[in-house]
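Each chain gets a letter, A, B, C and D, in the order it is written, and its residues are counted from 1.
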Amino acid sequence: MTTVPMMHAMIVAAILLGLGLTGLLVRRNIMFTLLSIEIMLNGAGLAFIAAAAHWKQADGQVMYLFIITMAAVEVAVGLALVLQMYHHLRTLDLDAASSMKG
Amino acid sequence: MTLEQIRALLPLIILVGAAVAIMLGLAVRRNHAFTVAVAVGSLAAAILSLALGPTVATPITPLLRLDGFSVFFSGLILAASLFVAVLSHGYWNRRRTVISEEFYILLLLAAAGSVTLTMAVHFASFFLGLEILSGSLYAMIAYERDRQAAVEAGIKYLVLAGGSSAVLLFGMALVYARTGTLDMAAAAAKLAGALDVLTLAGVAMILVGIGFKLALAPFHLWAADVYEGAPAPTAAYAATVSKGAIFALLVRLAAAMDIQSNPPFQATLAAAAVITMFAGNLLALRQSNLKRLLAYSSIAHMGYLLVAFLAAGTLGRTAVGFYLAAYIITTLGVFAVMIVLSGTERDADRLEDYIGLSRAHPLLAAVFAGMLLSLAGLPLTAGFVGKFYLLAAGVGAHLWVLVAALVISSTISLFYYLRFIAAAYAQPAAPPALPAAVAMPRLARLAIAVLVILLLWLGVYPAAVIRAIQEAVAIGR
Amino acid sequence: MPGLLADGVELWPLALYFVAVVVLAGGILGLSYVLGERHRERATGMPYESGMIPTGSARVRMPVEFYLVALFFVIFDLEAVFIFGWAISARQLGWAGYVEVVIFIAVLVSALVYLWRQGALDWGTARRAGADRDRSGRRHGDE
Amino acid sequence: MAGFVALVAGRALSKRLVAWIGVGSVAASMVVTLLVAAGYFAHRPPNGVYSQTLWTWIRIGDFAPVIGLHLDALSLVMIVVVTVVAFLIHLFSSTHMENEEGYGRFFAYMNLFVSSMLILVLADNLLLLYLGWEGVGLCSYLLIGFWYRIPANGHAAMKAFIITRVGDAAMAVGLFLIFWSLGTLDISQISQRAPQQWPAGCGLAVAAAALLLGGAVGKSAQLPLQTWLPDAMAGPSPVSALIHAATMVTAGVYLIARMNALFALAPVVQGVIVVIGAATMLLAAFSALAQHDIKRVLAYSTISQIGYMFMALGIGAWGAAILHFASHAFFKALLFLAAGVVIQRLGDEHDMFRMGGLRKQLPLVFWTFLAGALSLSAALPILTAGSYSKDTILTLLHAVPGGKTALAAGLLGVIVTSIYTFRMVFLTFFGPAKMQAERTNRLPESIPLVLLALVAAFGGVAGLAGQNANWPGLVQFVQGGSSVAPAAGEAAISHVALGAIAASWLGLAIAAALYLRRRPAPAGETESALHRLLAAGWGFDALYDRLFVRPWLWIARVNRSDIVDSFYEAIGQATVALHGMMSGSQTGRTRQYATGVALGTILFIALMVLLRFWHS
């Protein structure tokens, strides 16, 4: 069976991170913002997995577990906040949440 | 795990245990006073366990390490959390419409995360501590979910912190890919000397993640909005505990990786420090919302701290330790006044709320003025001695540009602090915007008194504290 | 450069599984597309509600409990990951690991107890309304 | 001695009680000071220094500044002057400020000020001195803004504080420089080590001295940081008297005198001091000519007189500078207090052109003011304190090589001083009465006036008499047997002093000519009035016109708008503009913040990568 070079996996991870970041910057709908963050986190996670495979260690995989746990926390709190925001603003447009500035 | 290690881990065990206990307690019956008592008690117990803990550096699993450094910073963090918990009691008592008990669970967890950060010697514990801290902070910021501003602040922080965490993680992954270890010291040893571009980018991304949490420029934009929207105790917490813990981590990481002596990092961070100092102070210049002002001023103070941080060495670390202590005491002091004055509807964060404070509450006004003067760095306050140390460290390391930036930008800072002091001693033109504040809770009074004593003690006779800090950071290598 | 996947791990079952999933899903959809009838009548686009004409919008606002349960699922599901992690190396970890995982589960259980007592698990029953009343009235006991 | 520090005011409740505590504590400190002075003379310590260590303040490595007090001849003179003048001013204020609200606040600030000043003077190391330095700055801010309801006052207070902070910042850096290279901030150790480690005129010594000078210039309102002082006159008159005449502004003088060993190593800086002193002295004196507000005249006069002190400091004659400080403290406090009485009795009228004829209405104030004016203008030979000290400075200027230009400037300054002084006297007290003054005499106001007037008028006699009686004169007492021996100038004293007196009378004559007989209308500008007078034949010859009047008018015009001041305004506005720009970046939109973070990240990485290749 052929193996995937670590560098390739790292590049994919970097692309994921970049995609997520782009999504974070261009999407106005907050659901997509949260999705974008998930993509970024998974990019980082993939990088850990790739590095762990390269060094034949479990450490990176454990880090991935931590990352998805954190992502879940983020989603849980995030969705709760989205509900509240919708309750207040009647929209999911992230740009609408800009009452504080200056 | 040996008994010694469990003893060293006791503060964390106590904090988490208390959080679970409160949770279970709430399942049985809600009682605010009791919850506060448990929270405060556990924080005090955690401090005690630190004081009585092992006196020699103890590694606790490969992830954590208890030494003088972590004892000092953990103590600082726990004490600050204690003050916030005490002050929250009166604050939430006045907000009768909000269910307040869960706030203390979050506060304890955030404290546990912060303590983890001060002990972290491994990227995994670094990440876990950071996320426990920020996960709790998300909820603490948006705690008053019925207020639109709070929810907005929560979302902003969540989105931005999530993104920055991803960047931080990716940076860690890059370092890990290069070195094959997640232990900070081991990774540094492997990297020793030449850094290839990818690893360099990795460390840069880690620094970005840390810089975001410290609100260094150009990652500072979130701070003001988040502080403004968050309830005052949370803002106090974010400005003191969270910043302190992350700075402690930064110092430890830098000591392991020798960041200050590496020209690319040094120059980049120095640039960030200069921009941060000016950005913070300029943004605060005409700010008339006290929370935003404190956010900007905390940005500026983090910039000052970077000067001592970049100076490195024992003197630099002593300066960081002392300045952080002084900064935390003073910032807590200002927030304490704000919390005590906050009414049932909104926080006392407008300039108008402070006009004529000296009439209504002369003592409180004096405390307020004293704390602001300390933030401005006037003599006989903790802030002056702290700034003196920062300058001494900067001068000792020949960081002339940074020292000049510090001096100039802190001259600007005087203007906006004085503005609030002048307001406090001015004559109210109209009846106060807030109803004459309710009688101060006894606990809050005690807390403020202790803060004032600490402020003056550090300002007038700091020698003992400084000696302790010197010893603490000397072990922290 | 060493590979992403460690040598010696058999990959073909995974590949076969992947192929099987694609074939099955594709087969079901494809067959029904090929074999199924096609209509272009007035009611074709309407949601099927057992022969009733649908009323109101399809965009029903879900009760908040729906999201709550979904969130609880996500969280507790993820915690299970750690228990799996322990399970894989349970023998190596010995009693210390056992104690630790018990503590972990105990914390999870207490969280569950908390949620249950808060009424977060009650869906549309009177208990939740009661909890609300309890909450608004509870202050009198304080101070 | 530690008792001084404990004299921070009590914030009492009742007015009467406040007055008693406020005045009493200062009186007590004065008594203690006098006792200390007596003790000092009775048992002179062998090296002329008493010092007392209280406790160690900060410890950085081997650096451990202690909180300690240091008493020698220099600080002794300072504390005696400070406490005596402060006591008299407090006494004066006890009735003068009676009808103001915030009476207690006033005394609290004043006492805080006095104690800060004492800390400053008695400090045995520069750090403690800096503490007192900041303390007096803060009190000054609080007191200028005492009438906080008037926005302009708040603005003036802020301006004073911020401009002096510019100087303070320079001074702080200077402290670090000294500490960094000498390893100590203890004043006596610095004085010992500096000559050993630094060759005269070396870069470090010059830099350190220049930075300290920056602090002194800010505090003492010399060029280019002088603009805050005239605005500071917004505060109550006793404040102006205490802070902006007698004590705080001389802190810079004290600093330079205290660090004379350091300054002696930097001849360049000393030259700069002379130039700054002379330039400030002349500029401020000319500015004083163009003012309408009596207190602003006095303010400019203060700046100008401190210019004289700086000139003395620049030639190393710091004993003479302190002598002039002492006499200036008395006569300027007197003038301010008298002016305060005038302003108050006329119902808060500051414009001299609306005053007049007060000689008959307020005779006591007139005579005391006249004593102060004579002292200030150094018109009466030898007799008055001001003329004695000023003549000493001028004589010393004459004595040093190359001091002729400075001497000429000094003499010109004497002329101008005399003009504006008597312009003030004539406008205020002579001529027809234009307003009805409220005639009340209050004892606690009169006593200080009379006492100060006596000192101002006859201080010179006392000094001279002392000198003749072979009693160690103040100059020698302070300076010891140091570089410039005043005796060397004794021979020259006669003709220099005569020149000064002549200059002074010339100024008096001009003032009399311009203002005594024909008084310009209040609304009329000084210039037009002057031109009219010139046209009417009161003018002097064309030479005089070209040499004197033109520059005067020019300087007066320029100073109206205050070029230096507008420079600071510009800095302020630039800062505010920057604030606006930065503030604009806080849009409140999360996505833009995220963009900021993303750009910052890219910048961070790019910068590091670039720097890495740069370095390799």
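Definition applied: contacts are C-beta pairs under 8 Å (C-beta built on N, C-alpha and C of every residue); 3 or more make two chains touch, one makes a residue touch a chain.
What you are looking at is a predicted structure, and each value in this text was computed from that prediction instead of being measured.
The most centrally placed chain, judged by C-alpha centroids, is B. Between the interfaces B-D and A-D, more contacting C-beta pairs are found at B-D.
Subunit B and subunit D have Cα centroids separated by 43 Å.
Computed centre separation for the pair subunit A/subunit D is 64 angstrom, with centres defined by C-alpha atoms.
Chain centres here are Cα averages; for subunit A and subunit C they lie 19 Å apart. Centroids of subunit A and subunit B (each the mean of its C-alpha atoms) stand 26 Å apart. Multi-chain contact residues of subunit B (touching two or more other chains): 155-156, 159, 163, 167, 224-225. Shared contact sites, meaning residues of subunit D that touch two or more other chains, fall at 583, 586, 588, 590, 594, 598.
Pairs of chains in mutual contact: A-B, A-C, A-D, B-C, B-D. Subunit A contributes residues 6, 10, 13-14, 17, 20-21, 24, 30, 33-34, 37, 40-41, 43-45, 47-48, 50-52, 54-55, 57, 59-60, 62-63, 66-67, 70, 73-74, 77-78, 80-82, 84-85, 88-89, 94, 97-102 to its touches with subunit B in the complex.
Interface residues of subunit A facing subunit C in the complex, by the touch rule stated above, are 1-9, 50, 53-54, 56, 62, 65, 68-69, 72-73, 75-76, 79-80, 83.
Taken in their complex, subunit B has these residues touching subunit D: 155-156, 159-160, 163-164, 167, 195, 197, 200-201, 203-205, 207-208, 211-212, 217-219, 221-222, 224-225, 263-265, 267-268, 271-272, 279, 282-283, 285-286, 315, 318, 373, 378-380, 384-385, 388-389, 391-392, 395-396, 403-404, 407-408, 411-412, 414-415, 418, 422, 425-427, 460-463, 466-467. Those residues of subunit C that touch subunit B in the complex are listed here as 96, 107, 110-111, 113-114, 116-118, 135, 138-139, 141-143.
Touching subunit B in their complex are the following residues of subunit D: 55-61, 63-64, 127, 130-131, 134-135, 138, 141, 145, 148-149, 154, 157-158, 161-162, 165-166, 169, 172-173, 176-177, 179-180, 575-576, 578-579, 582-583, 585-586, 588, 590, 592-594, 596-601, 603-605, 607-609, 611-612, 615.
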